[in-house]
């Protein structure tokens, strides 16, 4: 049984608390939040203690921490938790500062226990099935990867301002997915992006619509499309052309009902947003972490994976600003 | 080159005229109609002569006739055309009277040339592909067949009154399809039917909604569903469960465009009615007839097939009236 | 908080134990089974007590029982539990004997607390969405209902022999679904059935393939298709034609991955069987029961619903044997 | 009746000959080819004369020419045909040399009669339906366009060498489609391309896999993906995200049959290649040309459209070579 301390008590922390509680090999012991009332609320809902972050990290009876605090605290908390001998699952991104993330990586280089980054989409059953089919050689050699990732609606302006921008906040998931599928890092990144959905996003210096091309040393190509607004719901698709076929992971729909009338043949929308779509992925992610901890196995998403995805976001940000391709090694 | 006389100049005759004209091995020589102006119009459109039916049948330069006149004339015209040494493609049904159809069959028993009945759906590329997959053993032994066949809208009352009723006019296509797929005739037929769409259909003694169960000697079962109204278009589907899988022939849609919005994911409707859906089938049907004529091969849909489908319609009509199953051998 | 005793510790009891445990307003207190070791095993897994059935029913601290024992004990346990003042959720079918089920119904007629029958499919999100769309008037007046319900593989012969036959064991779900959707009971039932999948099923006096037609007083028609074997998985679909359109609830697939290669465009199979397909339905069913208990509301599936579905199964059994339609009022 | 001379007798000329012959308002009078035997063969098949190109252009009884010769002759033949007072439908691309195409455009600037370029995909019923839905405002303002265009197999090396390269030969269709849908030309074009399918394509200086990003003045973005090999068939899809929804034009499949077995749910492949997929588009294209000629209306695809698409191909070629975005105005 792994005793877990949860750092952070926001929405995503609640998702993790459910996964921790339902897993037969883990127990949620305590939760902290910079707003103590939030920690108390979550503690009451899940039958655990509300404590301070430092207290949790210092508690020798707690084996692992799940870091679901604001991004700017991730590096610090990873370092402190490593120092306290905890296993760690930290929400993405590692940091908004690539420099800080790399320093963190360097500081915890010799950590004895697992440090895993929460790229939950690797655990989505559909994307896993696509990956398995690829690894089974079902489409031969991959050649051209396309990732579509659209949110149902733009976030509030306040969020946009602290998010680090679309590439670090949103597309970072897709960068990691590309790395997961292609099993290599791109050589160069070209980003074209604009703010055409919400003028206030552009005014805040961010973009809401972006297309990014990744080039690989062996000639393979990947393209990622992001939009902050698909009114029909969370559009999360992957398409991979290979030498012997194509694999597509399509959207999960709200239900399977189809209505035919004089307007056409009408099916349900995609599941609305990440909580609906990726709930099973969060449970599978936690299970993978528990397995790594219990069996002493390498984590499936390492801190290094987290830093690489952040570097790709940095490169894309620079490319979108300069309108030139940026080599990943140059960031 | 097969010289063809077309008997009848209505809507379906125009479809056949196109097929005859476009086929490299057949030429449309003449057309007749009981309304001469209709024959003249079609003749002008297709560059052939407008003549009388008797004249066409008597013309030794005409090799084949396509009978697309009103149903009550089919048996007579088949007999006369056989007597004149013509190859024949006759629209379904053979007759509304099973007795008359059987007499016709008996009268032309020793015809030397092909007599084919126009069950066009056997030539639909989708149903043919389903049949081929079945014959290739792709789903093992067939066990349970379902045919869905809905019209977009009920016909005019005037048509209903002379149609012979839903089973002889509409479901006869599905009876033939069942025979085509199952390669056997049913032992018994149970029909339940009602008039719930249009009161005037019921008032005229006909039904507009029907479910018919066919039982086979070896335990297989088929079920046919008919409705005179599917507002979304012509619903023409087949589904066949076998020991090693299922085959479905789904609807053909008006186009492949899909719109996703806050209402859902909206695709096009099925092709509206038989002219849209089965146009390629009519061309393939004609090609099959031409091949039979030219190569002296058995026709793919015989007069006997036409009479059997009519007998099934008769049995279904009796079953719906009595609310008891009717054995096919008893009609 | 509702304290629950679980009667039975088999596979389906485990499903219910999960639902009870995860629900915030219910607690699993004790479990019993005629094989005590099974009860101990489930009790250990879910952190509750293993006790005898009588002990559980007699315990005043237990508010509700969930009856998941073998069918022949349902009527007795319902009567005993009512006498002990419990709220009840009982698995389907109420009984294999229609007479005994009606006696039970009569015996508990004045029960003060909820008695709900576990027709879980009413709580499937897809079928619920179809029902909501119908109730919202989205397809006008319903006219023709089709239910397809195929198991992935036939049950063991030992199960077949005690199951009560396909109509009472398997199609009873579909009878209830027809009642749920049509909001009326059929006048007559015509069943045609055979054993073509497994000779030993036929030898045991049961059938494995069946088509049943239900006729309604207002002219509506329903047709139910059952097969004990669809090698591609659990095929659970509903299709409802109405005056203004059609609603279909399609299968849930194992994942959304589609592979295109030289063989075609290949999607995932339907979820394999009822545990995979209906897991969310069992949770929703339990939640509905909890709501009825807590709010004193009528249960969504009454004992009367359970008895009616059993009467329909009885009528279908008689019809399949006699090859004549059977009036529901005559059983 | 428009009398038509067909210049070229290759495969695509045969497609056009069928469209010309079947159209009620056009007649195929003569055909030429640089290999006279080819012209004779086509002439025999379609019942027209085989003549020389010059003879056809000089014939005052011929109203229109359809230019389906090799690309390097297009500009010359357009100029000669204009001089001879013909209406013109010319296959794409206008030329391989942007300079020559622009000279041609300048030379025929004051042509009195229609000059149309054969971008047949604008007439595909699916893409037209997508465009109509967009123009009807069904998805609000377009924001992000994706075009997927994969051939089933790479062309022969001999063809690759004279093709002008993937951008001028293949993606030029997609450039025109982007212009058709976006109703504007892009500011800049960024192309990333490689040869990973067939080494001999790379050795010949061409690419076989490409992703191109188009940026628009108002912030909209388009991305085009090309591959010379999708083993499952001709993959021709368009996807357009707008402020109020998304439109997708999906592939047309060979048939609607779906097989479910232990391997999954298997549908038919996309129609194999352009002849299968775009046959209706060629007929609609010809009909549009006939309408323009007969009604003196502007052609739907002008010579200027053809030159612009070629300029985009030129820019993409330069971008792929330099790895920098290229402004359309700079080519």
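Side notes on the structure shown:
Chains here go by letter, A, B, C and D, matching the order in which they are written, and residues are numbered from 1 within each.
Definition applied: a residue touches a chain if its C-beta (ideal position, glycine included) is under 8 Å from a C-beta of that chain, and two chains touch if they have at least 3 such contacts.
Small disclaimer: the values here were computed from a predicted structure and weren't measured.
Considering the contact criterion stated above, the chains in touch with chain B and with chain C alike are A, D. Distance from the centre of chain B peaks at A, each centre being the average of the chain's Cα atoms. Between chain A and chain B, the centres computed from C-alpha atoms are 57 Å apart.
The distance from the centre of chain B to the centre of chain D, each centre being the mean of the chain's C-alpha atoms, comes to 40 Å. Looking at chain C, one finds that residues 230-232, 235, 244-246, 259-262, 268 touch two or more other chains.
Against chain B, the residues of chain A that register as touching in their complex are 230-233, 235, 253, 259-270. Across the complex, chain B is touched by residues 143-144, 146, 148, 150, 188, 190, 192-197, 209-211, 213, 215, 218-221, 223, 225, 227, 229-232, 235, 241, 243-246, 323-325 of chain C. The residues of chain A lying in touch with chain C in their complex are 22, 125-126, 129-130, 133, 138-139, 244-252, 254-262, 268.
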